[in-house]
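What follows is a group of structures, each given as structure tokens.
In what comes next, subunit A is part of two complexes: it sits with subunit B in the first one and with subunit C in the second one.
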Partner chain A sequence: MSQMQEELRQKAKELLEKGEVRYIIGWGKGRFHHRPPIFIYQAEDVDKLVWDEYCVANLGKYLLDDKFPEGKIGICVRGCDSRAVVRLVQDKQVKREDVCLIGLPCTGKVDQEGRELVKCRDCMHRNPPVYDIVLGEPVEEKGNPDRFKRVEELEKLSSDEKYEYWSNVFDKCIRCYACRNVCPACNCRECFVDQYRVGWQGKQKNCMQNQIFGLTRAYHIADRCIECGECERVCPVGLPLMELNRKLIKDLNSLFGPYEAGVNPDVKPPLGEYRLEDPEEYM
Partner chain B sequence: MRRIGVFVCHCGSNIAATVDVEKVVEAAKTFPGVVYAADNKYTCSEPGQEAIKKAIAEHNLNRVVICSCSPRMHEATFRKTIADAGLNPYLLEIANIREQVSWVHTDKEKATEKAIDLARIAAAKAAKDEELFTSTIPIEKRALVIGGGIAGMQAALDIADAGLQVTLVEKESSIGGKMVMLDKTFPTLDCSACISTPKMVTLSQHPNIELMTYSEVTHVGGYIGNFEVTIKQKAKFVNHDICTGCGLCETKCPAKVTSEFDQGLGKRPAIHKLFAQAVPNKPVIDKNSCLKLTTGKCGICSKICPVGCIDYEDKDKEVTKKFGAIVLATGYELIDWTKLYGEYGGGRYDNIITGLQFERMVNASGPTDGKIVRPSDGKTPKSVLFIKCVGSRDVNKGKSYCSRACCMYTAKHAHQVLEKIPGAKAYVSYMDVRTPGKGYDEFYMRTLEDGAVYVRGRISKIYPEGEKLISLGEDTLSNSNVTLETDLVVLETAMVPNPSAEKTAAMIGVGRDKDGWLQEAHPKLRPVETNTGGVFLAGTCQGPKDIPDTVAQASAAAAKVIGLLYKDELETNPMISKVDPQKCAGCGFCIEVCPYGAIELVDFPDRYQGKKIMRKVAQVNGGLCQGCGACTVSCKPGAIDLLGFTNLQILEEVDALCR
Partner chain C sequence: MQFKKSDLPKILDSMAKEATVLAPMKVKGNSKFAPWGTEGELDFGAQNVLLPPKDCLFPQTEKMYRFETDGLKVNDFEVINESRPTVLFGLKGCDMQSILCMDDVFLTKGYVDDFYKKKRDDLLTVCINCTTVAKECFCDSMGGSPNGHAAADIQLYDLGESYQVKAQTEKGQKAVDSWQQYCNKDEGEIKEIACELKVDMDGVPEKLAGMFEHPIWEEISRKCVGCGICTFLCPTCYCFDIDTTKDGAEGTKFRCWDSCMFSEYTRMAGGHNPRPSKKERVRNRFLHKLEYFKERYDKNLCVGCGRCVAKCPVNLDITSFIDQVKEVASHE
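Moving on, here comes the complex of A and B:
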């Protein structure tokens, strides 16, 4: 780990000195164990960059804070960050030529107690699928054979049982919108929950409105979710949001064939594509 | 203030017999915004329309709801009615309480409840209706006909005779389609070539027709009145400007391959005309079989051509042209029975042929000079079995539909066997004999009198025994098993859409039905129109038919084209999509899903974190948009809305239903 960190600082220094990037987004030392994102502008600051088992946060989303940059942005990407950037590029929110992806193969991150994070346990792409530079050696992919196990269990419930289950889940939601804010798939200019007049979404915090929020958000990211699990990680009340996301992924796979968001920049998301040979029902 | 008027129609007893119309009127009076409600015997009649106009004036109505038949029936009528009364025509909503209520329900109480629900929904939507305005666009006065079978030829001739310009695109090297392969045509038995080749010649000489053979449409953009079409002219390797069509090259070309035109029964050289009377009557080189083009050795045709028109360097060319209207006439093919009917040998027995192969055989200019023979040994068959409905009306193996022309041409085929081979036997295995047409049943009766033996039932197995083919089946009339021993078996196979039509149709945005036939806009009332404005259908591309029906439909499509192109400009539909640039994130997903290519990203000046920037937002081309709404559901930020069906209106409808 520390050797990679050294390589990363070295590379960052080089990029900044040569002026190839204007700044670099990476992880820095925070007050607590988790590493907050930092933005390095000067070559002499590269030692603030950290790469260890606590670099948890997905960095992709920070690109949305500088959509019209005055120079290239260097960004550290693991598998999940890389996929996040690909998604943002596909959604035309970030220009590929505006970013330099510094790839970091990742073996998973841990929490305070040293336990592997759920999102990392479920990870399907530890190596960044897309990058400009890659550091270290590629790591072995372990896949996720249990990807849809929980979804299959839920599918077995009756409609009433499902309703009760999800009502209970969303009853706890405090509508802090942390899940939305962290999600690299959420990139509307004005989120439906913030719109003055949407009609179906009220601002009240009650079970009904919470459910509509949760379901609509899941639908909005249906073919965009990169399974980075950030929504579930940041949710302060611990809602199982990935169950819903994976249900939609599973349905999309069975309707349109297997698709993983953000893995291949040339493959369009199934809901955002019209092909001449599409079955007639979709015309 | 919304002042909504609701008018509930009895439609004689069509609605009133199943829906308590008075009750609907009473309920309507209580809906929010409704200030007037009344019923009418026939709302579409003149007194009915007058009553609406009068109510609009007397009660100062500014939104109108009509509870009647489907909007597809009378929306245009009623829009005009309220426009006559001074309202914007788009301030109208129709609740369909006939097709969706009275015609499909029997319980009067429940039907009335449903009618009230539909009326309430319509009133809620009407309250949110806004005025919409049409604009006009100019029309390109040239038509494109795709497919040069009898359908395409007839349509092109009719349009050209009306004084309009036509381009006919045919993928083969000659026009003519399937009709020119046939020998004689039922029910009159006139020679197919004699009636179709004069049309082909007239067409090629018509001053208003541009003929593009060996060509295919590769891209269609634009919209009704203003299509922009790219046409690829495949390399012919023969300069048709100087070729005299003498045919010398064909006689000397050493590369001989199976002839597609003769349905595999004969051979043709690599440099060839499709058939003797081909139009244009000049050859092309098939690049896949030409020795010079595949191996670099040969070049005989170039040496022998007296005018030096062979050009081995010829390349595909693409041209883009503008058209006001398009006629699709892409025709049919026969189903590939060999993959479906293993019990008939799946293509392993030479002496089982298709109806079209039979046509080539009986045709005097065909591969056997008009003699009916067994492909295996060239001997004249003494007995022939015709099997109808192979692949048709067979849900398990083939298609559920009836191919419509086979009953008649089978009768023709049986007659031809009996006429051409003295003493021969002709058997026909059939499920039904369908002869609805002028002179059709008489024709069938004549074949029976000629001595054709019709056996009612499907053949379940065919196998060879010695020189013969043994067909096993049942005779459902006598309830017994039959075994037929014949020299030749002809399968009258199902018509299926020409496979190349699929791509062409998708490019133009024309739908296809479950079997792949191109979809008409309405099976009864708009049989030659499609759901894409300015695109019409002619002939078998729309469904199986015989020549008389094909020609009638082609002329109908031509009439529609002429009607359209005679106008100078066109009113546009105002019920199209609209982008809110503030909400639009510029992701461009709407562009991907729009089947009409109506959306593009354009620059939009904005501020971003204190900077002046130029960002991209989607913009809808009002001429191209057909108002399908596909984009609105693809837009996650909800920045695109369909005017006349806004998200807000739909939500109001849902709300009204839940009240």
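Moving on, here comes the complex of A and C:
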């Protein structure tokens, strides 16, 4: 791990010194075990970059803060970050030529007690599928045989039981919108939630309004969710948001064939493309 | 006097006959102040319960009045100001201090908020001292203490097997009088502890007063994702919005928590936004916590509970920020 960190700092230094990138988005040291995102502009600051088992946050979304950059943005990408960038490029939010992807094959991250994160346990792309530079050696992909296991269990419930289950979940939501704000698939210029004058979303915090938020968000990103698990990681009240996302992915797969968002920049998301052989269930 | 911890459920039961007793509990995986007697387990751990107690005085959504209209005429209008006797049991010092901050906002400087006042008058506060601290706790750097709070109606001291009781107000004394059957004479010693995480607030509000245009804001706000975690979990954040639901002729006005970290919080009619980016939003939050409130009410609006330190998804940490303010030159 520390050797990779050294390589990363070297590479970052080189890119900054040669002026190939204007700044680099990576991870730095926080208060405790935290490795918050940092933005490095000067070659002499590259030693602030950290690469270890605590580099948890997904970085892709920060590209939206600088859509018309003066020079390239260097960004550290694990599998999930790389897919996030692909998603943003596909949605024409970011230009591929504006970013330099520094690939970091990843063996999974841990929480402060050293337990592997759920999102990493479930990860199916530890090697960045798209990159400009890659450091270290590729790591073995372990797949996720249990990807839809939980969804299948939930599908067995009756409608009433499902309703009760999801009501209990959304009852706890505090509507902080952290799930939306970290999500690389949520990149609408104005979220339906914030379209106050239209009134899609009431400001009351109650189970019904919380469900309107949670379910609408899930549907809006159904074919764009890259399964990075960030929404579930940041949710302060620990809602099982990936169960919902995976249910939609599973349904889409069975309707339109297998698809994984953000893996191949040349394959469009199924709901963003029309094919003659598409099922006509909704027609 | 003191009572055995094993008698605590009986005391809570007896209080619950006349009031809603809110205690720190784990309820279906959620950590919050919940009514004693409902599903859930008491949780007096070192870590604060995740959701702050402010909801009982200042609910996340609170109905204010009902109305009925006929064209432009209002036919019927009724203020809804519901409250019932409530006990906040097992507050830590930081959360007790947060209630004093809220009192300042809702009850002083010439305006009394009726909705808040009614609930506050109905409230009995019972503090318990902390016997261990979480690594994110820093209340004793912010003017508080893990060892109790003088403003609580009743202060309990954890002696291991029992609680020593100290009534600190008349209201508290009245409640304690009804616990007599469970109480006996004091023995054992109260242990004092201190937070491990320290910040030095000395001179910080004054220094911040000259830092509105400082480059630090741009730098520290870069990583913020603009969510509502730090403000909604904070026991002292009190911003709200007022909105209406209307169904035909009948409608309700309600108020609900708002967050200065949300992009549309300062959006004005016509679309102008005086805090257009996260730089201005993060600056507002930190200046409000550490400078403006101090100037207006002579208290820090951060009580050092550590919730935002523990839960911010990108560790935009108020304690690291205070360290940084101490270090930077006031004008760069």
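Just so we're on the same page, the second predicted complex is superposed on the first by the 272 of 283 C-alpha atoms of A that agree within 3 Å, B and C clash if a C-alpha of one lies under 4 Å from a C-alpha of the other, contacts with A are read in each partner's own complex, and residues count from 1 in each chain.
One rule holds for everything that comes next: contacts are C-beta pairs under 8 Å (C-beta built on N, C-alpha and C of every residue); 3 or more make two chains touch, one makes a residue touch a chain.
For clarity, every value in this text was computed on a predicted model and none was experimentally measured.
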{"item": "Touching partner for A:140 - first (subunit B), second (subunit C), both, neither", "value": "neither"}
{"item": "Partner chain in contact with A:174 - subunit B first, subunit C second, else both or neither", "value": "second"}
{"item": "Touched partner set for A:266, first subunit B, second subunit C, both or neither", "value": "neither"}
{"item": "Residue contacts with subunit A in the superposition, subunit B compared against subunit C", "value": "C"}
{"item": "Partner chain in contact with A:113 - subunit B first, subunit C second, else both or neither", "value": "neither"}
{"item": "Contacts of A:188 with subunit B and subunit C, given as first, second, both or neither", "value": "first"}
{"item": "Partner chain(s) touched by A:97 [first = subunit B, second = subunit C, both, neither]", "value": "neither"}
{"item": "Residue ranges of subunit C touching subunit A (in the complex, touch as defined)", "value": "28-30, 50-51, 60-61, 135-136, 222-223, 225-229, 232-233, 241, 243, 245, 254, 256-259, 262-264, 309, 311, 313-317, 319-320"}
{"item": "Interface residues, subunit A side, partner subunit C - complex", "value": "30-32, 34-39, 57, 61-62, 65, 168, 172, 174-178, 181-182, 194, 196, 202-206, 233-234, 236-238"}
{"item": "Residues of subunit B that touch subunit A when the two form their complex", "value": "502-503, 506-507, 509, 511-512, 582-589, 592-595, 601, 608-609, 611, 613, 615-616, 630, 634, 636-638, 647-648, 651"}
{"item": "Contact set on subunit A toward subunit B in their complex", "value": "66-68, 91-93, 187-190, 192, 195, 197-200, 220, 268, 271-274, 276-277, 280, 283"}
